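Residue numbering begins at 1 within each chain, and the chains themselves are lettered A, B, C, D, E and F in the order written.
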Amino acid sequence: MEKIAQFLFEAGMLSKTPRTGYRFLGTGRQSVAEHLFGTALIGYVLCRLEPTADINKVLTMCLLHDFAEARTGDQNYVYKKYVAVDERRALEDLTVGLPFGNEIKELLAEFNEQKTREALLVHDADQLELLVQLKEEQDLGNTHAKEWLRNAIKRLRTELGKSLASMVVTTNFTDWWFKGEEEEWWVNGK
Amino acid sequence: MEKIAQFLFEAGMLSKTPRTGYRFLGTGRQSVAEHLFGTALIGYVLCRLEPTADINKVLTMCLLHDFAEARTGDQNYVYKKYVAVDERRALEDLTVGLPFGNEIKELLAEFNEQKTREALLVHDADQLELLVQLKEEQDLGNTHAKEWLRNAIKRLRTELGKSLASMVVTTNFTDWWFKGEEEEWWVNGK
Amino acid sequence: MEKIAQFLFEAGMLSKTPRTGYRFLGTGRQSVAEHLFGTALIGYVLCRLEPTADINKVLTMCLLHDFAEARTGDQNYVYKKYVAVDERRALEDLTVGLPFGNEIKELLAEFNEQKTREALLVHDADQLELLVQLKEEQDLGNTHAKEWLRNAIKRLRTELGKSLASMVVTTNFTDWWFKGEEEEWWVNGK
Amino acid sequence: MEKIAQFLFEAGMLSKTPRTGYRFLGTGRQSVAEHLFGTALIGYVLCRLEPTADINKVLTMCLLHDFAEARTGDQNYVYKKYVAVDERRALEDLTVGLPFGNEIKELLAEFNEQKTREALLVHDADQLELLVQLKEEQDLGNTHAKEWLRNAIKRLRTELGKSLASMVVTTNFTDWWFKGEEEEWWVNGK
Amino acid sequence: MEKIAQFLFEAGMLSKTPRTGYRFLGTGRQSVAEHLFGTALIGYVLCRLEPTADINKVLTMCLLHDFAEARTGDQNYVYKKYVAVDERRALEDLTVGLPFGNEIKELLAEFNEQKTREALLVHDADQLELLVQLKEEQDLGNTHAKEWLRNAIKRLRTELGKSLASMVVTTNFTDWWFKGEEEEWWVNGK
Amino acid sequence: MEKIAQFLFEAGMLSKTPRTGYRFLGTGRQSVAEHLFGTALIGYVLCRLEPTADINKVLTMCLLHDFAEARTGDQNYVYKKYVAVDERRALEDLTVGLPFGNEIKELLAEFNEQKTREALLVHDADQLELLVQLKEEQDLGNTHAKEWLRNAIKRLRTELGKSLASMVVTTNFTDWWFKGEEEEWWVNGK
C-alpha cells in the first residue's frame, strides 16, 4: 500500500505542472491535471458516440496518457525539437512495485503504438481538449490562436474527432450558459 | 453535435472553478477539474484493488460527480450550512439535448443514493483525493491540516478506502521521488 | 470583544473570496472585499451628488451588503439559477453575540426590501462598481464585455445612477491619469 | 460627471496596487482596496463601541485614507526611509474638478493632523486591519509575524483600539467558523 | 562576508518587486529582477554591436541600475509625479560595509549623469527592454501599447538603440520560434 | 538586425519559464530570468572578491548559462533522470545568423567543460543563487529546505563559493533590512 500512496502523491504533482504551450501562445494557462481531466471527459463522450469502443480502456488511457509528466514535465512543440524524453524509464520507475503497474505500461504502449481504435480515440481526445482551450482563447481575442487551431485540427485521426472538432471551432465558449437564456435573466435574475 | 461542443466548453469552466475549502484552510489551491482528475485516478486504483467493482461505472462517476459545479460553484462545509444547491436542475440543464444525458443523470443519482458498491468507492475516492492534498499541506507546515485530516478520514465508508487512507497519512508527500534515491544524485545529478 | 475579533477575521475571508462572474466573462478578477470597497466609495459619491440621502446609512449598507458571502461564497447570475442562499441564517450566525448585530440585520433587511432611497442608491452603487470593471475589460479588448455592460445598465434604478453610468461607459479607464497630460511627460518624465 | 467617472476608474487602480509590506514579511498578499475595505469595516466597529464618534466622518476617512496610493503606490516601513510622497499634490490632482474635492482634502488633512477623536480612531482602524492579517499569517506558521504584531500594537493610540487588539492577537483566525461547531458537522455535513 | 550575504538576500527582493507600469497598461507583468536580466542581456548585445564600449562597465551598470528598488520599490511615470526617491541614501545603506560598495556608487553616479557612452547605452538598454515587452503586449491585443511604444522610442538616445528599436517594433514576438519552421512540424512534430 | 530583435523576444520567454524545482520543494517560485539575474549578480560579487577572474567573461556566462531554456524549459534533478536535452542544437538554432553567435557558443562550451576558473565561478554562482532562495524558504518554515541546502552546498567547487555559502546559511533572509534598525523605526517610522 505504501507504493500506492506514493502513486497518489505523484498524481498530485500534475496539478503543479503547467502545460508549457500556453507560454508560447501568450495567453491562457492550464495544469497537466486539468488537461487529463478534460481528455478523459472527451474520451467518455467519444465512447458514447462510438459504442463499440472499449470505454474502460479509453478512460484509463486518457487519465494516464501524460502521467509520466510528473517526472518529466510537459514538452510542447518547441521543446520537442531539443528534448528527448525517456518515457519508458519514467514509466518503469513510477510503476515499480505497483500491483497494477504492468497494466499501466501496457496501456501506454498501446496508446503510443496508435494502432487500436481506442488508442486513436484517445489521441483525438487529447487534441480535442487542446482545441477547446484554443477556441476559448480565440474568442477572448488572442489573434494567434486561429493558426494554432488550424494546425491542431490537422492532427486529428478519426472522422468522429474531426466532426466534433468542426463543431467546437464554430461554437462560442460562452454558448453553454449564455445562449438561449432570455435577456431578462441577465438583467433581473428572474 | 452542437450541444456536445457546448458540453466540452462547460467542462472547461471546471478549470476556472476553485475548490473553496482551501481558503478556509489558509494554504493550498486546487481547481475542481484537478480534483476530478485526482478522484478518477484514485477510482482507478480502488478498482484495481477490488476487481469486482465495475470500473467503467466508477471512472465515469468519478469524472462526473462534481460536474454540475460548472453551474453552481463548489460548496465547502461552511457554505453548505447556508447554501442549498439544486443539483437536479443543474443536471437537467446540462444534459438536455445530450445523447448520453440520461446516463449522466442515472449515474449521479446512483452516486447520490450511496447504495451500490461503486457509489461507495467513488465517495471514498473523493475523500481520499482531499486527504492527499491535506497531507501535503500538513507536510509543508499547515498546523490546521491535521484536524482536517482527522475529520476527512471519518467520512470514509469502505474498508479499502480506510486502509489506503492510513497509508496516505503516514507517507511524506515527497517520498515518491525522494525516498530511495542515493544522495549522490541530488548532489551530482548522476 | 472575542466575538468582535472573530467578526474582523470573518471580514478577512472576503479578500480570499473571488467574485465569480469574471470566470464567465473570461477576463478580469476581483475579490469580494475589493468589490465592497468600490461599492462604498461609489455610495459616498452618490450621497455627495444627492445630499438628502443618509450617508451614514448608505456607507454602512454598502460595506455590509455582501458581507454574508464570507459564509456563502459569491453567486453570479448563472449560479443563481441553481443555488439558493439562506442569507438570513448566515446573518444570524455572523451577528450572534455582536453588540451591533441587530443593526446589521436591520440594515440588510432594508437593503433587500429596496424601498428606501438609501437602499436604491446602494443597489445602484453595487451595479456601478461592476460597470466600472466591465468598462475596463472592454477597453482592454474583451468583446463580450459590451453585452454585459448593456445588461448591467438596465439594472439601475435611480436617475442619478443612470446618468453616472452613461458617463462611465464613455470614459476610457486610463483617462484619469493619461488624459490632459502633455506627451512630454510620458517621454521625459518632466 | 466626466471627472467623477474618472474618479471611479482611479479607485479601480487600488485593486491592482499591492500592499508592499507583505513582500518583506515573506507570506500573505493584499491589495490596497482590500485594506481600505477592512479599515472601513473596523472603523464601523469602533464607532459602534464608541457612539459619540462621528461615524459618517470615520467611515469616509477610512475609505479615503490611502486613496492617493492610486497615484503614488503603497510605501511600507522600509520604503519610507528613502521615499518622500507628495500626498498633497496627489490629492490636488485627484480632486480637481470634483464637486466634493474640497471635502476629501479637508478630511485627509484632519486625518493627517491626528488631533480629533475621529482621526485617532481611523489611525487605529488602519493598524488593526494590519493586525488581523498578521495574526492570520502567524497562525499559518510565519515565524516573523510575531515581531511585526508586537510593533504594530505599539502604534495604537486609543484605549479602544488597544483592547480590541489584545483580543485579535489571542483569537485564532479560524475561530469565527470553526469554534463552537460540533465535530459531527465537519465529518458529515449535518 | 556577512554583509555580502545580506546583499544577496537584498537582490532576492527584486524578484518580489513588480514593475508598476503594467498595472497602468492593464496587461502584462514583470518583476524588477526580470527587467534587470533583460536589460543586461540587451547591454551585452549593444556592446557586441559597438565593440569600443566597455562591456564590463555596461553589464555591471545594467545589472545594478535599478538595484536600489529593493529598498524603494519601482516608480512608474505616474508615481514619479508625486514621489521623490532618495536613491543616494538607499545606495549608501545598501553599500555600507560592502568591499565593492564604492564601485557600485560610482557606477550608478556615472549612469545617472548620462555623459559617458556606456551610460547612454545602458539608458537605451533599459528602454529597449521595455519596448520588447510592450511589443509583445501589442501583439497580444492591448490597444494602448501602441502609444506607450511611441513614447518609449522617443526616449532613446543613441543611434544604435534607435535602429534596434525600429526592428523590435516590426518583429512579431513569436517570430523567434514560429517563423521559418515548416507547418509540418506544428502538425506532426517531425 | 531582425535576428537580433528575435533574440530579444527569445530572452522574454525566460520570464515566463518557471524554475521547476520549486514544485518539488513545495513552496517558492522563480522564473529562469530571475535566476539568471541573481546568478549574474553573484558572479559580479565573486569577481570582486577574486579580482584575477575575467569579469567580462563571468558576467556574460552567468547571463547566458541557462539561455537555451527558452527552447527547452528548465530541467530539475528529478526531470534530469528521464529527459535528455540537446543543448547544442538549441544553441545552434538560437545563434544562427547572430553576429555574436559564435561567441555565445564558445562561452557556453567553456562553461560546460568546467575547466577554467571563470567556468568554475559561474558554476558556483548558479548554486549560490539557489542557496539564497532555499535559505529564505527555510526561514519561512519549509522543513524540507534544510536537506536541499545541504545537498546544494556539496555541489560547490571553489573555496570562495563555499565560504560565501557558509555565510548565506547563517544569515536570516530579512537581516539586510531588519537587523540594526532601531525598534523605534518599525513602530513610528522615524
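For the reader, a short list of remarks on this structure follows.
The rule is simple: contacts are C-beta pairs under 8 Å (C-beta built on N, C-alpha and C of every residue); 3 or more make two chains touch, one makes a residue touch a chain.
From a predicted model like this one, the values you see are computed outputs, not experimental measurements.
For the pairs C-D and D-E, the larger set of C-beta contacts lies at C-D. Interface of chain B with chain F: the two copies contact each other largely through different residue positions, with under half of all numbers used appearing on both sides.
Comparing the centres of all chains, each the average of its CA atoms, the largest separation from chain E belongs to B.
For the two copies, chain A and chain E, the CA superposition rotation is 120 degrees, given to the nearest 5. In terms of the distance between Cα centroids, chain D is separated most widely from A. Averaging C-alpha coordinates per chain places the centre of chain A 38 Å away from that of chain C.
Chain A and chain D have Cα centroids lying 45 Å from one another. One finds 18 Å separating the Cα centroids of chain A and chain B. Under the contact definition stated at the top, the residues of chain A that touch 2 or more other chains are 24, 71, 78, 81, 136, 141, 173-174, 177.
Viewed as a network of touching protein chains, the structure does not reduce to a path, ring, star or complete graph.
Chain pairs that touch one another are A-B, A-C, A-E, A-F, B-C, B-D, B-F, C-D, C-E, D-E, D-F, E-F. Those residues of chain A lying in contact with chain C across their complex are 136, 139-141, 173-174, 177, 183, 185-189.
By the touch criterion given at the top, residues 24, 26-27, 77-78, 80-81, 141-144, 148, 151, 154-155 of chain D touch chain F in their complex.
The touching residues of chain A, counted against chain B in their complex, run 1-2, 4-12, 14-15, 30-31, 33-34, 36-38, 40-42, 44-45, 48-49, 55-56, 59-60, 63, 71, 94, 99-100, 103, 128, 132-133, 135-136, 163-164, 167-168, 170-171, 173-177, 179. Within the complex, the chain E residues that touch chain D are 13, 16-18, 20, 23-24, 68, 71-73, 75, 78-79, 81-87, 89-90, 93.
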